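Labels A, B, C and D are assigned to the chains in the order they are written; within every chain, residues are numbered from 1.
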Amino acid sequence: MRSPVNPANFASDNVAGALPEVIAVVSEAASVAAMPYGADPWTARVSELLRDIFECDLWAFPMVTGTAANALALSAVCPSFGTVFCHPASHANTDECGAPEFYTGGAKLTLADGPDGKIDPSVLACAIETARPHGVHNMPPAAVTITQESEAGTIYAAEHVDAIAAIAKQNNLALHMDGARFANALAALDVSAADATWRRGVDVMSFGATKGGAMAAEAVIFFREELAAAFGERRKRGGHLVSKMRFVSAQLEGYLGDDAWLRAARAANGGAARLAEGLAAIDGVTLARAPEANIVFAKLPLPVLDLLETDGFGFYRVGNDGTIRLVVPWSVTDADVEGFHNAVRGHIGAAI
Amino acid sequence: MRSPVNPANFASDNVAGALPEVIAVVSEAASVAAMPYGADPWTARVSELLRDIFECDLWAFPMVTGTAANALALSAVCPSFGTVFCHPASHANTDECGAPEFYTGGAKLTLADGPDGKIDPSVLACAIETARPHGVHNMPPAAVTITQESEAGTIYAAEHVDAIAAIAKQNNLALHMDGARFANALAALDVSAADATWRRGVDVMSFGATKGGAMAAEAVIFFREELAAAFGERRKRGGHLVSKMRFVSAQLEGYLGDDAWLRAARAANGGAARLAEGLAAIDGVTLARAPEANIVFAKLPLPVLDLLETDGFGFYRVGNDGTIRLVVPWSVTDADVEGFHNAVRGHIGAAI
Amino acid sequence: MRSPVNPANFASDNVAGALPEVIAVVSEAASVAAMPYGADPWTARVSELLRDIFECDLWAFPMVTGTAANALALSAVCPSFGTVFCHPASHANTDECGAPEFYTGGAKLTLADGPDGKIDPSVLACAIETARPHGVHNMPPAAVTITQESEAGTIYAAEHVDAIAAIAKQNNLALHMDGARFANALAALDVSAADATWRRGVDVMSFGATKGGAMAAEAVIFFREELAAAFGERRKRGGHLVSKMRFVSAQLEGYLGDDAWLRAARAANGGAARLAEGLAAIDGVTLARAPEANIVFAKLPLPVLDLLETDGFGFYRVGNDGTIRLVVPWSVTDADVEGFHNAVRGHIGAAI
Amino acid sequence: MRSPVNPANFASDNVAGALPEVIAVVSEAASVAAMPYGADPWTARVSELLRDIFECDLWAFPMVTGTAANALALSAVCPSFGTVFCHPASHANTDECGAPEFYTGGAKLTLADGPDGKIDPSVLACAIETARPHGVHNMPPAAVTITQESEAGTIYAAEHVDAIAAIAKQNNLALHMDGARFANALAALDVSAADATWRRGVDVMSFGATKGGAMAAEAVIFFREELAAAFGERRKRGGHLVSKMRFVSAQLEGYLGDDAWLRAARAANGGAARLAEGLAAIDGVTLARAPEANIVFAKLPLPVLDLLETDGFGFYRVGNDGTIRLVVPWSVTDADVEGFHNAVRGHIGAAI
């Protein structure tokens, strides 16, 4: 059988390029002079845009990576001798080479498990309660971090965030949200940004744009001014104060303006829904769960995976049992989805 | 007197936009899918370009800020308990909010002074020799860092670098070069990149592109493989492994391709020469020294500075005696230079 | 019922005082002048004693706390971006307020579980194998630490250490032994110190003396010179280079000389055996396991625990089900053991 | 000429042994059981003793080294991104292998010079004022540390401390006092401990006892409760929470009880006065300055120094011009002083 002409890459949403809206603002920003380190009009406009979007006062710091956004945000809410509660599968725990430990100066991540990539509030409550049997011998709880959309592609419902926020508040812990795919979560929840975050008790978030369609742009957003007090110094000494910051802010402006970010997220989520639907209809393919945003987990026969890889399709194998993760980017096309369906159907047919 | 229509901004070379060559490659990179974290063709090509330019094997890591490039490079050559020798006026010492201390895990910068922003080799030798009278009570010397073009706008001559490199080697210290304005230095020296660096004994450098015409792109370049061994991990945990790295690499490709970087640097240096020449010819203006690359230090009457600022010109006051720093970017035009000359002339005439 | 006159404190072995042999050498050291920072005869003699005891060349560094010994030893074998495998119940993980994370500069402890407070080699092998699916995104494995006598009071058999050491070597990891109660382990194993450590593949150990009968004395012992290279600097900058080091070394000399340490350990282990035996004979008391060295875990009715605490007995409650930990120090007397037995018997009798 | 029978060691005051009063309390503490980690009567009594001595409420933490006391105290008042002002000759800057940088997580020491080992207030004021021209690019000033008795053997007069404290308060900086030889300073000043510290504006101090006659005992004393809030955690994770803490506290109790510490300091200061007086009377010997407490700086002919060293006398050469530092410990005897005088006289006579 012939390989597909343009096999889609579902390995991650960071394989996509950048939204035309992003490139347009960046190109425009390239042609003029502007003051460095954020004293430029793009950065000012981004703060305004975020205030409009989140319907509140906030303190926003453009960044270039999600790892830095997470680690620096956590360093602002957890002392070097404290501990942050996170899900075992959280990016902060598994895929940042210890960036949270590094930026906090040696804090510990304490794991609070739960099904579907989401922290179980009762597990969290218990972990907090038992964290410090011996006083200064144990690291004091300082913060909780949740990922929305989670690494498992699932979405925390409003009540779920409420439950976690309540526990955090009771224990005087800050609540951080890793929003690397926040746009996808918002599109799935169909609520306002405010209702998804600070109105639920989120104190600080990593607002992702890179995966959603920027080149390299994120923002750490504080909803409480006092937490942001020394963030400027922390960002600078981490080497994350981009001198020509307008180029990060320009990306954010292009991303946020005219709801480009939400349209892009809806496109990705829609693609994931169609991708999952088609796969579920194929004999021999099982979905781990119905996709809640833009990530699909499916189980296929191992020989089929080999053939798909030979075709040039991109996806990520989870363990050895044929389960794969498919992340659908904003740039997905019907041809991408149908091409994958066709290839799976063909290989499964051949395999049977 | 009427304000000039477009008063030039000489506050820093990071006020300039980005080279069209840079934007072109970036825009092209935006339109396709590519693997993340550097497994993309742009990143591969940048390594090749750098190998060609430096005429040697090397290990290059794209970065987004000079501060991170410096601090991470130093962390690769200095243990947490060691010390790095630098000039008091070095960016690492004065303008990075402790990033070297942070990334090394608490190493110390030991100052080695010298005229014109350059380390005096005899001062360095003495500082190294007296650094450790009490063994483990003192931090062992680990590295030397020099800035080429220096923060004072001066250039280390080949023999000067040789002298410092010889001292470094005798003491088993690594030699780092902060090349935030390396292109300007190279254009001024008119030697090959190899002759300016590893052939002089440089072990690792921060290769700057942002100031030279990129948006946010630098590279840490190791000339000795063993020093680069854990740099991938260090970069990642610093949050500096950009996921869509192609967009950093694309900038570097646009910058390095077809000698765009050297043309840009020559334009900046040429502008600085013309700017200085014109200023020197004005009664009441004194140059601190003839500019060696793209930075001009001049002394003007204080009332003139006030008027220039009212006009909207950008420059940086050094101390309170009327000395200003003018950094000329790649985008400088004859109109920029002449506009400044005219304004100075006008204000000085009016002041007399 | 009358309270016992001198209810014993089994809360920990660090409630005991110090061996007369220790105090004797310390007192003698107090009366003369000596060079500071380890350039004294006591420190020299301790190194010799340890070389004799371990039958090998070694590099020993006196310390004052076990936490510092563990954390500094781990910092010598694990880079800031690496990970150390330890048991979930290990002191390093649970009771050092993040000292390993602090001294390493932000390394992570990865948990490798196993029954009876000991790492299961197959769990360790799997944890190492799966530690780094994503290259630089994950912290590279650097070391394994085991506690001998373990926090659960159990002893790693020789073959168990061999299995762990083999896995460590295959993966190029350093093997550290937390020997806070090494004397108790050695007395239980009845082998030579060499056979319990470096001949089994241990690279570096925290050799405890405080719990065994010193006031505040431990030693980090390296069995491989290259690992000790920068330990002097690390200890100094941690504030652990005691200026009048003779007073730490004098403790170690008193502890190690004439086998005082092993006699003390045998006394403790013997006391634990008698304590356990007597408890097991009491109806209503269950032992968690036969004690292997100087720690007894037993389950008693909760009202009995309350009464024992009222009496003034010291022990540590593990969870809420009536399980307690009793650590028997070198200073244990028959009266201590019998007094506890009598009190338990009395309270249980009364409770029934 | 015969070598003296017992040549005195003036290399440092940490060559002396320990006061009998210290050993007595330690020995007594060795013979009983007590709760660990500071929950013991000795530690409670030490806090009471210090409150009496300083005539105020305070928060005291026993420690075992001055380096740790300094570094941990500074970490409590300076964030990782801040800077601490200190004298170039301060122990924190020159002799702690970067412990302050390590414990703060990478803060910087900014040097504020002044004659006689003491910070010049005007130099300090200027250093603070110019520390932050570029906002987040520079590390914010956080604390000032002064050493009393200074490393040069000099004493800050009350007005001198007042001037520095005023500057600190104006700039919202904490004031730390390194009191490794605080007893000697107090004996020299002949004021109360309160008048020498918190009544002058000192916020936190390292209260030294080791040099003054303990084995290994210091205390970090906070005069403001809020600064001490997380010190327990910081001390623990630095490995400085000694498990059998009674043995550190017992030293402090022996040292502080019945004014033993002040008697010892007066003995040392008196010895230094006699040592200096006798030396000044010898032709060919010059004093750098009259000693203010227990440190003498004198200049002798180089051949004489060689001969004194051959005799076995201990002192520390400062530079190469024949200047030596002589630190007089509490244990000094008339024979020590006279023996040194005689030897100098003899060698100088022979040399002439």
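To be clear about the criterion, a residue touches a chain if its C-beta (ideal position, glycine included) is under 8 Å from a C-beta of that chain, and two chains touch if they have at least 3 such contacts.
All of these numbers come straight from a predicted model, not from anything done at the bench.
Contact count check for A-B and A-C (C-beta pairs in contact): higher for A-B. The greatest centre-to-centre gap from subunit B, using C-alpha centroids, is found for C.
As a whole-number value, the distance joining the C-alpha centres of subunit A and subunit B reads 34 Å. Centre-to-centre separation between subunit A and subunit D, using Cα means, comes to 52 Å. Taking each chain's centre as the average of its CA atoms, subunit A and subunit C sit 43 Å apart. Shown for subunit C are the residues that touch two or more other chains, namely 80-81, 96-98, 101-102, 105-106, 136-137, 139, 233, 236-237, 241. Those residues of subunit C that touch subunit B in the complex are listed here as 37, 79-81, 105-106, 135-137, 139-140, 230, 232-237, 241. Note for the complex: subunit C touches subunit D at residues 8-9, 11-12, 14-18, 20, 22-23, 26-27, 29-36, 63-72, 96-99, 101-103, 210-211, 215-216, 233, 236-244, 247-248, 314, 329, 331.
On the side of subunit D, the complex with subunit B involves touching residues 80-81, 83, 94-98, 101-102, 104-109, 134, 136-139.
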